[in-house]
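Each of the next two complexes has subunit A plus one other chain: subunit B in the first, subunit C in the second.
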Partner chain A sequence: MAVASAAQTHTTPFWRRRSFIQAATGWLFAAPILIYFTIFVFGPILASLAMMFFKWNGFGPLTQAEFVGLGNVTEVAGDEKFLGSFRNTFVYAIVVVGSGVIVGLMLALVLNGVTKFVGFVRSTYYLPVMLPMTAMALLWGLMFQVRYGFLNQILSFVNIPPVRWLINPDIALYSISLMVVWKGLGWYMVIFLAGLKAIPEEYYEAARVDGATGWQRFWKITLPLLKPTLLFVIVVTVIGSLQVFSPIFIMTQGGPANATNVVVYWVYMTAFQFLRFGYATTQAVYLFAVILVITVIQLRLFREGGLTSYY
Partner chain B sequence: MNLSRRQLLKTMGAGSLGLALVGCAAPAAPAADGGGAAEPSAAATELTIWFHWGGAAGERAQEMIDSYNADGGAADNINVTIETVPGGEYRQKMTATRMAGTGPDTYHTAIPILELVSNEVALEMPDEDQAYVSDNYIGAAVDRMTFQGKIWAYPTEHQAAALIYRRSVLEEEGISEIPETMEELRDLAKALTREEDGIKFYGYTFNHDGYQPNFHFPGIVWRSGGELYEFEGDIPRTVTVNTPEAAFGLGWWRGMVDDGSTQIGEVTYNEAWQNGLAFMTEIEPWYPLIVLRDGGAEEIFEDLGVTHVRGRSGVDPTIQSGGWEILADRSTEHPEEAFKFIRWMMHGPDMPFSRFIVETIGSLPAPLDYPTPIEGWSDAMSQGYAIETTPITRPHPGLKALGDGELNQAIKETVQAVLLQQKDVEPALADLEPQLQEILDRTEGDREF
Partner chain C sequence: MSATTTDTSVSTLEPTGRARQLAAIRRLRALRWIGGQFFLWGVILLGLVFMVTPGVWMLLASFKTQAEISAIPLQFWPTQWRVNNYVETIEVMKFWRVFGNSLIITSCVTIANIFTCTWGGYTFGKLRWPGRDIVFMLLLSTMMIPGFLTLIPRYVLVAKLGMLNSYSGMIIPFLTGTFGIFLTKQFMLGIPDELIDAATVDGSSALGVYWRIVLPLSKPIMAVLAIFVFDWAWDDLLWGIMILTDRLKWTLPIAIANLRVQESNQYELQMAGSTLAIIPVIILFLALQRHIVRGVALSGLKG
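Presenting the complex of A and B:
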C-alpha cells in the first residue's frame, strides 16, 4: 500500500499535488497585496535608496541624473540648516508627546471616574481628533493673530499683553505644539481610558483594604499596569511627531526666521522648491534611520521595565 | 454551495481572465445618433493647455477657450481642452506626464524659462513668433523670455509692484503728492502712523511672511543703487549683497519697523488693508483688484492712489518684475497647431489672453500697444501701474539663476530675521552673501555662457 502511494506521488504531476495547490492558493490570495506593496511600497523604497547616490532635479529627464556617489550622504551630515531642522523637530516631539501623554493621562483618569453623560463628555474631547488638520491649522492661525486673535482677546481680560504667538521666533514652535496637543488630546484620552478599563478593579480594592492612598494606588498599580499602553502611545506619537508637516506648512512655512523649520518640511523644500531630489531623498533616509533608532531604544527601555510580561 | 479548493482556483482564474479581457477590450464606439454633437469633427487636431485657475477666473478662462474653439480653432480645425493643474504642482506633473507620454501641448506657467529650456520642456518658437515677441512686448518681459539668445515663450503676466496709498488720508494731512525719495517716504510713513481709540493705523505695511521678502528684495536694492549679482552673459556669477547700497535698502525696510510705522504680525497684511488700517504699501496690481475690489473693500479700492515706487535720493526708481508665460511643449505632436493657438491668444489687436490676464487676474500689460485706460481698472491704477510702472521694470534676477528656489529661501530667512529685529542689517547681509554665493557656485557650476 505504502509502495503504491509512493508510486502515485511520483506519477502525479506537481501541479495536482495537494501541497502545491495549498501553496498556490495561499500565494494567489496574497498576490494582490504583494503586487501592491511591490509597486507602491518596496519599489519607491528601492528607488529612494538608489536616488541617494544621484543628483537630479526631479524635473528634467532621468537621463540628466548625475551619479555623485556618497556626495549627498556626506553633505547632508554637515548641512547646518538640516541639522537645525532636526533640533526643531526634537523640541517639537518632546513638547507634543510629553504634554500629550501627561494631559491625556490626567484627562483619562478624571473621565474614568465620570458616571453621568459619559458618552457626551468623551465625544466632546474626541471631536477635534476627527477634524482635518488643515482646517484646524487655519482656524488656530486666526486664533493666534496678535491683535484680533481669540487667545489674545482672552488674555486681555486679565491684562496680559498680546502674545506674538506665531511671529516671535522664540515661541512660534511652542504655539504650534499647543494646537497639535489640543487636537490630539482626545486620541490620548481614548487610548489611556481603554488601558485603564483593562486594569482589574480587584487590585484597587485590595490596595484600599491595605490602606494605600490614591497617590500610592496610581504609582503602584495604575502606572505599572498602563506601561503597555504608554509604550504604544509614546512610540506612535514620537514617530508621528518626527514626521510633522501639515501644521508647519499651513501656519508658518518654517518661519519666522527658520524657527519652526522641521525635518519633513525641509525635505519638502529641498525636493520641490530647491529641486534637489537626490539630496532630499538622502535627508529622508536620515530621518528614517533616526526614527528607527529611537523606536528600537524605546522598545528596549520599556522591555527592560518589565513590559514583555504583558505581551 | 461548497467549492473545493481546485474549483475555487478555477473560478478565480476564469474570473481574472474575463476581467483582463474586458479591460483590454477596445473602447465602445460612439453612439450612432451622434450624441456627441459638441464633439469636434474626426479630423480636428486635439490640443491641451494647462491652466491653474479655478472658480470665477477658471470659468472666464474656459469661456476664452470656448471662444477660440468656435472661432480660430474652428477655422484651423483645432480643438483645445483645458487641463487644470494647481500652480504648485506644475513641475511634478510635468515630469510625470511627460515620462508617461501624456504631457500637454501647451502650458501657461510661471516656471522660469531657464529651467524650462535646461530641462528640455520648452519647444523652440518659430522665428516669426520670436520676432513678434521681440517687436511687440516691453523689454523686461522679452528679457524674461530670453535664454541663450532665443525667445522661448510669450510673456503673459508681467507682475511688478507700484506704490499704492489712501488718497483721502494724505489729503487730510494736507499732502497732495507722494514724496519723490525713499527717505522722504519713510518720514511720511512715520507721520501718518497713529493710534485712535486703542486702534493703531499704519503709515506703511509690509508682508514679512509671504513672497514679498524675497521677491521685492532685488528691487529695493536696485532702488538704493546696488545690485544682487554680477552677471557673466546670462549667468549670475558673483553675489554683491554685502554692500552699503543693499544695507541702505534693507535698512529702509527695517527702519519702518523700528519707527513703528509698519505692522509685522500685529495684524496680517490683508486685514490691515481690508479694515482701513493701512495707508501706503508696495504691491502688484492683482492685490487691489482681487483683495480689495473683489474682497469687499470697494470703498478703499476707490480711494486708492497709485504711483511708481520711489528710489533713494539720486537713484532712478526701478522695480523687479516676474510672471508667467505661455509656451509649447517639446514633445507635442502638433507644434504648428500649438503655435497657431498661441498666436490667436497673444497677438494684437485682440490679444484675448493678455486682456484676460490684465483685466481679470491683474498684471501690468506686457504688450507695447496694450490699450489704456484698462477696462475694469480705476484711472489711478491705469496711470500708476500701466503707464508709470511698466517702463521701469527689470526681470527679477533670480529668474536667471538655476538655484532660484534656494536663493529665494536664503533671502527670505535673512529679510525676516531683520524685520523681526532678530538680526541687524549689516551682519545679516554679511551672513547672507556667502550663503548665496555657495548656492550660485553649486547650482551654476560649470554652466557656460
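Presenting the complex of A and C:
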C-alpha cells in the first residue's frame, strides 16, 4: 500500500499532487484579500509614513509635494494647538472608558442579581448603542442648551443653577463624555453581563460556605475571573475613544477655546481646512505611535490570557 | 412589632426555642432578599428612565413648535401634534434623496462584508495551505492600526482613482474588515472538518465547499456581521464629509450634521430629522434584538 502510493507520487506530475493542489487553492483564495489589503491598508500605512516628510496641499498632483525632511515632525512636537488636542483626547478617553467600565460593571452586577425581565432591560439599555451618533449628538446638543435645555430645566426642579454644559471650557469635554457614556453604557453592560454569567456558581457557593462577605466575593472571585473581559473591553474602547470625531464635529467643533479639540477632529481640520496634508498625516502618526505604546502596556498589564483568551 | 406578635404565635405551636430561632432567621433572610430586590429594581428603573428619556423627549420635540421646545418652564407635551415639522424637514434635508444614498451605500457595504468576511474566515479557518498562519497574523496585526492613521492616504487614493463624490468612493474602501474576518474564522473553527472532507471526497471543489457547506452553516455569524456592519456604515460621518462634497450625494449623517448649521434655530426640524434618521435603526433593532444582544455578548462587536 505504502509502496503503491509512493510509486504514484513519483509518476503523477506535481500539479496533480494533493499538497500542491491544497497550497494553490489556499493562495488563490487568499489572493483577492491580500490584493485588497495591499491597496487599502498596507499601501496607505506606508504612504502615511512617507507623507510625514512632505508638504502638500492635497489637491495638486503628487509631484508638487515638497520634501521638508523632519520639518513636520519637529513642528508637531512644538505645536501647542495639536498638543492641546492630544491632551483633550486622552482626558476624554480616560473619562469615557473609566466611567463606562465602572458604571457598566455596576449595572451588570445589579442585573445579574435579578431574574425577571432581564431580556427587556438588557435590550432597552442597549438601544442607544445602536442609534446613530450624529442624531444623538444633535439631540444632546439641544438638551445641553443653557437657558431652556432639557437637562438644566430638570436640574432647576431641584434648585441646581443652570450648568453651562457646552459653553464652559472647563466642563464642555465632560459634557460630551456624559453623552457618549450614556450612548455606550449598554454595550459595556451586555459584555460584562456575559462575563459574569460565565463565572461558575460553585465558586460563589464555596465562598459563601467559607463565610466570605459580598465585598470579598467581588474582589476575590468576580474581578479576577472577569479579567479577560475587562482587558478586552478596555483595549477596544480606549482605541475607539481616541478616535472620537462625530460628537465633537456636531456639538462643539472643538470649542469653546479649543477645550474639546481632539486629535482626529484636528487632523481633519488640518487637512481639509488648512490644506496641510503632510502635516495632518504627521499628527495622525504621532497619535498612533502613542496608542501603540499604550496598547502594548495594557497587554503586558493583563499578561495572563491575553486578548485571544477572550474568544 | 409584627415580628414579636408572630413570634408568640409560633411559640404556642412550636415550643422549642430552636425552631423559633430558625423561623426568625428565615424571615430575616426573606426580608433581606425582598429589600435587595427592591434596591436592585430601583437602580434598574432609574437607569431605564435615564436611557429612555432623551429619545422620548426627542420624539415629542419633533412634533412641537420652536417656542414650545424652548419654553420655560419645561413643556413636556406638544399642545398640538405638528406633523408638518416632518414635511418641512423632509424637504429641507432632501430626505428621500439622502436616505436613498445612505441605503444604497450601507447595503452594498454590508452585503460585501458578509461575503468577503466569510470568504476570509473560510480561507484562514478551514483551508489548509502553507503560509496560512503567517499571512493571517499579518492581517490580524492591522487590527492594531486605527482607521485614522490611514485616513489621509486613503482619501488621496480614492481621489486619484476618481471616486470622489461617488457611491464607489464610499463603498470600495470598506469592502472587508480584519475584525469581521477574524470573527468568522473563529466561528468556522466550530464547523466539523468531517463535513468538509466528506464533500471533498464526493468531488466538491474548495469553491463548492464554501458555497454549499460553509456559507449555509455560517448564517448565525453572518447575521451578527450584517447587523453591526450596517449599524456602523449607517452612522459614518467622517469619511462621508471627506468624500462627498456634492449635496445630492450626501448620506444621512452628513445631512443631519448639516441641519445643525443650516437650521441652527429650527430645533423642531433638527429633532424631526434626528427621529427620521433613527427610524430604520429602530426597526432593525426591534426585529433582531435577540440576535443583536446575543451577538454582542458572543463577539464583543462594538456598534
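FYI, the second predicted complex is superposed on the first by the 284 of 311 C-alpha atoms of A that agree within 3 Å, B and C clash if a C-alpha of one lies under 4 Å from a C-alpha of the other, contacts with A are read in each partner's own complex, and residues count from 1 in each chain.
The rule we apply is simple: contacts are C-beta pairs under 8 Å (C-beta built on N, C-alpha and C of every residue); 3 or more make two chains touch, one makes a residue touch a chain.
Quick caveat, the model's predicted, so the values are computed rather than measured.
Once the two complexes are overlaid on the shared chain, A:L275 sits against subunit B while remaining clear of subunit C. Shared-chain residue A:L178: touches no atom of subunit B or subunit C. By the touch criterion defined above, A:A257 reaches subunit B but does not reach subunit C.
Looking at the shared chain after the overlay, A:G58 reaches both subunit B and subunit C. With both structures placed on the common chain, the touch criterion links A:V146 to subunit B but leaves subunit C unconnected.
Counting the residues of subunit A that each partner touches, subunit B and subunit C differ, and the larger count belongs to C.
Look at A:I39: by the touch rule set out above, it reaches subunit C but stays clear of subunit B. Of the two partner chains placed by the overlay, neither subunit B nor subunit C lies in contact with A:V76.
Of the two partner chains placed around the shared chain by superposition, subunit B is the only one that A:I167 touches, whereas subunit C remains out of contact. Common to the subunit B and subunit C contact sets on subunit A are residues 22, 25, 58, 62, 145, 147-148, 272. Against subunit B, the residues of subunit A that register as touching in their complex are 21-22, 24-25, 28, 57-62, 64, 145-148, 162, 164, 166-169, 252-253, 255-258, 269, 272-275.
Per the touch definition, subunit A reaches subunit C in the complex via residues 22-23, 25-27, 29-30, 32-34, 36-37, 39-45, 47-48, 51, 58, 62, 107, 110-111, 113-114, 119, 121-136, 138-143, 145, 147-148, 150, 153-154, 156, 182, 185-187, 190-191, 193-194, 232-233, 236-237, 239-240, 242-243, 245-246, 249-250, 263-264, 267-268, 271-272, 277, 280-281, 284-285, 287-288, 291-292, 295, 310-311. Those residues of subunit B that touch subunit A in the complex are listed here as 5-6, 8-9, 12, 88, 91-92, 94-95, 99, 115, 118-121, 208-209, 264-268, 271, 403, 405-406, 409, 412-413, 416-417, 420, 422.
Here subunit C touches subunit A in the complex through residues 36-37, 40-41, 43-44, 47-48, 50-52, 54-55, 57-58, 61, 69-74, 116, 119-120, 122-124, 127-132, 135, 139, 142, 144-157, 160, 172-173, 175-176, 181, 186, 206, 231, 234-235, 237-238, 241-242, 252-253, 256-257, 259-260, 267, 270-271, 273-275, 277-278, 281-282, 284-285, 289-290, 292-293, 296-298, 300, 302-303, going by the rule given at the top.
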